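Next up: the structures, one after another.
Consider the two complexes below, in which chain A is the common component and chain B and chain C are the respective partners.
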Partner chain A sequence: MRQYVARRLLLMIPTIFLISLLVFFLVRLIPGDTVMMLLENASLGEQDVQAYRAKLGLDRPVYVQYGTWISDVLRGDLGTSLWSRQPIVKEILQRLPVTAELGAVAMFFSLLIAVPIGVVSAIRQDTWTDYVSRSLAILGLAVPGFWLGTLVIVLPAIWFGWIPPIRYTGFADNPWRNVQQFLIPGFLLGLGLAAVVMRMTRSMMLEVLRQDYIRTAWSKGLRERGVVYRHALKNALIPVISILGVQIAVIAGGSVIFEQIFNLPGIGKFMYRAIQTRDYPVVQGVNLFLAAVIVWVNFLVDVTYAYLDPRIRFR
Partner chain B sequence: MRASGAQERPAGAVALLGQAPLRGRARHWTINVLWRLLREKPLGVFGGAIVLAMIVVAIFAPLIAPYPANAMHPQSSVHPPGAQFWFGTDQFGRDLFSRIVHGSRISLFVGFVAVGIGASAATAIGMLSGYFGGKLDLLLQRAVDAVMSFPWLIIVMSIMGIVGPGMLNVAVVLGILTTAGSSRVIRGAALSVKESQYVDAARALGAGHGRIILVHILPNISAPIIIIATLGLGTAILAESSLSFLGYGIPQPAPAWGSMLSLEGRRYMLTAPWIAIFPGVAISLIVFGFNMLGDALRDVLDPRLRGT
Partner chain C sequence: MGSSFKLAIQVFSVGAASGLLAAACGGAAAPAATPTKAPAAAATTAPAATKAPAGPKRGGTLRVAYTTVTQIADPHTSTEWVAFDVWRLVSNGLLKEEQTTHKSLPDLATSWRALDDKTWEFKLNQGVKMQSKEPVNGREVTSEDVKYSIQRIATAKPEFVRASWFATVESIDTPDKYTVVMKLKEPFAPLISNLAAQQSAIVPREVVEKQGDLKRPEIAVGMGPFVLESFRLEQGGMFKRNPNYFGKDASGAQLPYLDAIQYDIVEDAQTRVAAFRTGQYDILIGFSAADVPGIRGIPNVTLLPLSESFSVAGMGMDVTKAPFSDIRVRRALHLALDRKEMIDTYMQGQGVLRSPLGRNPLWGQTGDQLANWPGYRQPKDQDRAEAKRLLAEAGYPNGFKFEAVTTPLYPDHHINPALIMQRQWKDVLNVEMSIKQLDWGPFKSQEQGRQFLAEITTLAAGAIVDPDSVLFNNYHTKGSRQYWRLSDPKLDQLIEAQRRAVDVEERKKLVQDAELRIWELLPMIYQAIPQGSGAIYNYAKNLTSTNDGGAFGATRFQQVWLDK
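Moving on, here comes the complex of A and B:
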């Protein structure tokens, strides 16, 4: 196990290095003069261009610029927002709880919906229940989340004169109101995640249900509930955790849409505004932060998976 | 010394190296796949019918749509659906049905260009990585890991914020970013084909790397390429509509389905819900069609890819 963890950690180093290169060159995709573009929205005069260029280190060779930037990043300094003049790390940490809460609610709903449907779909394979569940899962992947979000705001307003809460209330101010605010966006984001979890649960259940120990459980005369829940589901759900890393990426992407629609002050909304105002250090910082989180979650998922299923370690 | 050159090969080598009547075999294979789809996968055929209908609508859009996409009827703004305007009109009095019909061209253009770029690049990277292995594979796979670590919507939005909105920009950026995930599936397929006896045979007969890759590996990994492309079309169309909704995809007044639902129009939607309903139905329908077809093709062509 220790060897596996070490190997997995070693593989993370080049990945993180490449991520940092991609993020570093992302801002250098800007056509024309980066500094002029940056100053355009920072309400500074043109006379500051040279000084600003020197301040940002843009007058030095690219590899020196990268070296300085990465050494700052490694010390936990992602730079300063051009808009708020605040350290980007501080800005991210302020907004992280909102996005994390949205993600947690979405995960909760996705598991609540997907696991039972996936199990029933597998037990009743190739019946109408299975066809309907699978079609629903494909539909869940096809329906755009931003459309559902729009409909949830528009239709109840027309039919019942009711609009979901869109003024943000902090958890410390009013916990119940805060949770209420996350229920609808969390549910809608969870629907998209549920489609993937449902398909995974179904295929894993089908695989496990064909194993010898399940046949043994049936032949012992156990009831369906016992076989399915006590023997099959536990093992079928292990691989489902392997998609957690992918789910975090989907949540981070979805946060841009749902935080925008439901006016939640999380990382997604922060990012949307940063791109709109061309706050490039924030764009760089948030991308790097999210990619690093996803790499780390993937590592934890792989290690947990290897711990739960020893076959992985020896592959 | 390595034997090379057609003259030195035994007679059977020509057929082994893939110069048999490939076109006839390909036609037979296509008919077989279509027949199995029709017989075994009714839902996939349904998806295929949706896709085909959308392609026909896109091709004949100017003939099907009663009005040009941006024609305004100021006297009929936010007009409810009816005989004159089937899906109603928006705040500028533009016919929603006509806009949706014309918008199908944008969605399909972005989808096909993105998938064209993504699938070609993924095939090249996946095949090189899988076939050569070693350090090249290690390096390419770490690069794939790196790209796949970004939340796609955020990174696409960031890039679009920098390069600027536009139909071709969206298609190219989506194509490049979908390359990573797809290349991993192609790599897996190339790895298993590489170990086949016919590849060993070709190598023994003196075929070079280029020939083995193009003549022996590529045709035998066409199944995952077709599946990835079909499912990728739905994903690209969904991604474009999300970007357009957020204002980073196709700029107004182009009739992109996502931008028809953008936040700016929300206050009109509160009195005219049809503005919010029909573009979303169109997006869901086409993505559903591609996903259903892709799923069915996967089951028919390569059931091992389930869950990818």
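Moving on, here comes the complex of A and C:
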């Protein structure tokens, strides 16, 4: 087990290094010039524009910029925003609780919806219950979040004169108002996640339900609830845990849309703005941070998985 | 060659100039340039929305949903409106602009006068205190604050993007605590307007020295009507009433009336409208024409027409490259275009025509004059027949093909007009325009690099009523936004002359001549843009709209009160 953990930890280093290369160079492939955008309304000549570019360090060769950036990153400094000139680490940490809360609510709803439906769908295989459940899962995957989010904001406003509070309030300031703000976007983000988890739960349940030990349990005359929840579900959920690690990436992506629509000042909204304004250090910093989180969570998931399923660590 | 067009221009120019001069001489005063000659109040500018019926009530929190995040809140370096709005809540200018007529009014200054063509003296209010907050701690505002702030705006560093506004200021003297004397290198007519602009906020030196800069909005502090309590990027801020504010209303009562302003950033337009509809905000800024009917249906809400902004919008062309190097081609496209279709379709009747000055009825053509101008007038038969004749004369009887670049950002300013231009020019002149859409970043890069044959663009002029910014930057050979490679000595001369003309009437004539010259040169095919709107619940009183193209600024909020 120790060897397995060490190997996984070592593998994280090249992964994050490759990600750093990708985020650094890909963001520079997006057409558009930060300096031109910064000075959009200014009455400046070409010389001034070049001077400003030099001030921001954007006049140096790209590989030199990367070298400077990565050495700063290794010292824990993700750089400063080209626009606000604020340290990116500080900016991320300010917004992290919002995105984390949104992700937690989404994960909660996804499990709340997906696991029961997945189980029912498996034990009622090829019945109407199964067909409806699977159709709902496909729908959850297919419906774009931004469309659903916009509808949920616009229609209740017209029909009922109500939408969730738009001015962000922290949990410590007003818990009920905070819950109201996160409930709907969390639920909508959770729907997309639930579709994947539900399909996975169903597949794994079907596989487990065909195992000999389950057949033995049935033959011993155990009740359905006991067979399903005590014997089948426990084992079926082990692979589902691995999916949850991948879901972190989906949450990070979904937060960009839902934070924008529901006016939540999280990392997704921060990155959306940074991409729009070609704030390279912010896009790089946030992406690298999210990538590190995803890699780390997946590492934890894998270790947990290996702990729960002893077969893994010997492969 | 284009004789009918030229004749029409001449006929209308006489009419326009006479009309403007008649307006100027007939009781209404001249544009904002000197304190003794107030600007003409234009009938087309945005009207007051809600009048205070009785005595104002004190108290309450005004909740505002604003459209965009500020990245840099320094009023002297930022190009974002929210930065100016924040600073004008907590601070004041030496002068300020009257909201609808754009007359320059006293703010920190009580009076000002020209000692000669190149020397201006300003007298300040005495006993004005900074807010009781670190690091200013309620100290008195003096002429040194004005000197420091103007010199800071004029700092010769790239980030000080409006340094040119005060580049002609040779020295600023402070003979006493309440007197500022500005000496100019040469006469510079836009000086007073530039001092009255929102961007020219007076800031305390000690804040800059303590913080290093003013980029973070949460550090804003001054002598203004509201004290900033908190501000977070992407969220907005909370401002509390300044109990020691020096401003008084007409009856001598202290301003502001409100206890607080909740200033939220809600970037998503649909969310903003929905939140306003459900009563989460008292004021709504920034919604599309498509939202207007829905907002109009909300009980107890009044729509405020915000613009006449002074932005210049339309299709700009590289006038050195064929086919646009031929003025007859540019005129033909101008005459063939029916802007009314733009206004009647996607603007749902809420549109305003653009002209070389953007649309500045105080200095240039009024809306009525523009509606009868060649190319804009209805019906289109006469202009379109002339357009066909001009195109044939230029050697394109069967039309031609070209590519125009634009951006999907602000579709009502860019993509939607482009589609109408495309269809109309094809139908009328057999001119085929292909539209290349670029993301905002590459679009601006291409624009600034002048790497296009034609582009459909909007050149923001901000809230500067003074015509110099638009004229010089957009049309002078050395203009920073002059992307058309235009170089016309006669036009340059007129633009430079109006800068030096301190006499308002003389300057006005030069501006009008410059505008007419631009009509003759036509580097852009001007279009129509949606009339910007704001919406307020009727219990928010004494709020007047602005035609500066920006949001409702602090000069408005300090006299707003809530009748609920």
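By definition in this document, the second predicted complex is superposed on the first by the 275 of 315 C-alpha atoms of A that agree within 3 Å, B and C clash if a C-alpha of one lies under 4 Å from a C-alpha of the other, contacts with A are read in each partner's own complex, and residues count from 1 in each chain.
Keep this in mind: a contact is a pair of C-beta atoms (placed from the backbone, for glycine too) under 8 Å apart; a residue touches a chain by one contact, two chains touch by 3 or more.
Note that this is a predicted model, so its numbers are computed, not measured.
S.K.: Applying the document's definition of touch, where does A:85 land relative to chain B and chain C: first, second, both, or neither?
M.R.: second
S.K.: If you stack the two complexes on chain A, which partner ends up touching A:14: first (chain B), second (chain C), both, or neither?
M.R.: Only chain B is touched by A:14; chain C is not.
S.K.: When the two structures are overlaid on chain A, which partner does A:125 contact: first (chain B), second (chain C), both, or neither?
M.R.: A:125 contacts neither chain B nor chain C.
S.K.: Looking at A:150 after the superposition, I want to know if it touches chain B, chain C, both of them or none. Which is it: first, second, both, neither?
M.R.: A:150 sits against chain B and chain C alike.
S.K.: With both complexes superposed on chain A, which partner does A:278 reach: first (chain B), second (chain C), both or neither?
M.R.: So A:278 meets both chain B and chain C here.
S.K.: Which partner does A:161 contact after superposing on A: first (chain B), second (chain C), both, neither?
M.R.: Touch partner of A:161: chain C, not chain B.
S.K.: Which partner chains sit in contact with A:290 here, chain B, chain C, both or neither? Use first/second/both/neither.
M.R.: In the superposition, A:290 contacts chain B only.
S.K.: Applying the document's definition of touch, where does A:263 land relative to chain B and chain C: first, second, both, or neither?
M.R.: After superposing on A, A:263 lies in contact with chain C but is clear of chain B.
S.K.: Chain A residues touched by both chain B and chain C?
M.R.: Of chain A, residues 30-31, 150, 153-154, 157-158, 260-261, 276, 278 contact chain B in one complex and chain C in the other.
S.K.: Of all residues in chain A, which touch chain B in the complex?
M.R.: Touching chain B: residues 11, 14-16, 18-19, 22, 26-27, 29-31, 131, 135, 138-139, 141-147, 150-151, 153-155, 157-158, 199-200, 203, 249-250, 252-254, 256-257, 260-261, 268, 271-272, 275-276, 278, 280, 283, 286-287, 290-292, 294-295, 298 of chain A.
S.K.: So in the complex, which bits of chain C are touching chain A?
M.R.: Within the complex, chain C touches chain A at residues 65, 69, 71-72, 79, 158-159, 161-162, 164, 213, 215-216, 232-236, 262, 264-268, 270-271, 273-275, 277-280, 294, 438-442, 444-445, 448, 460, 462, 469, 473, 480-481.
S.K.: Which bits of chain A are touching chain C when the two form their complex?
M.R.: The touching residues are 30-34, 36-45, 48-49, 51-52, 55, 81, 83-86, 91, 94-95, 150, 153-154, 156-158, 161-163, 165-168, 260-263, 265, 269-270, 273, 276-279.
S.K.: For the complex, which residues does chain B have touching chain A?
M.R.: 43, 139, 142-143, 145-147, 149-155, 157-159, 161-163, 234, 238, 241-242, 245-248, 258, 261, 263, 266, 269-271, 273, 276-277, 279-280, 283-285, 287-288, 291-292, 295, 306-307
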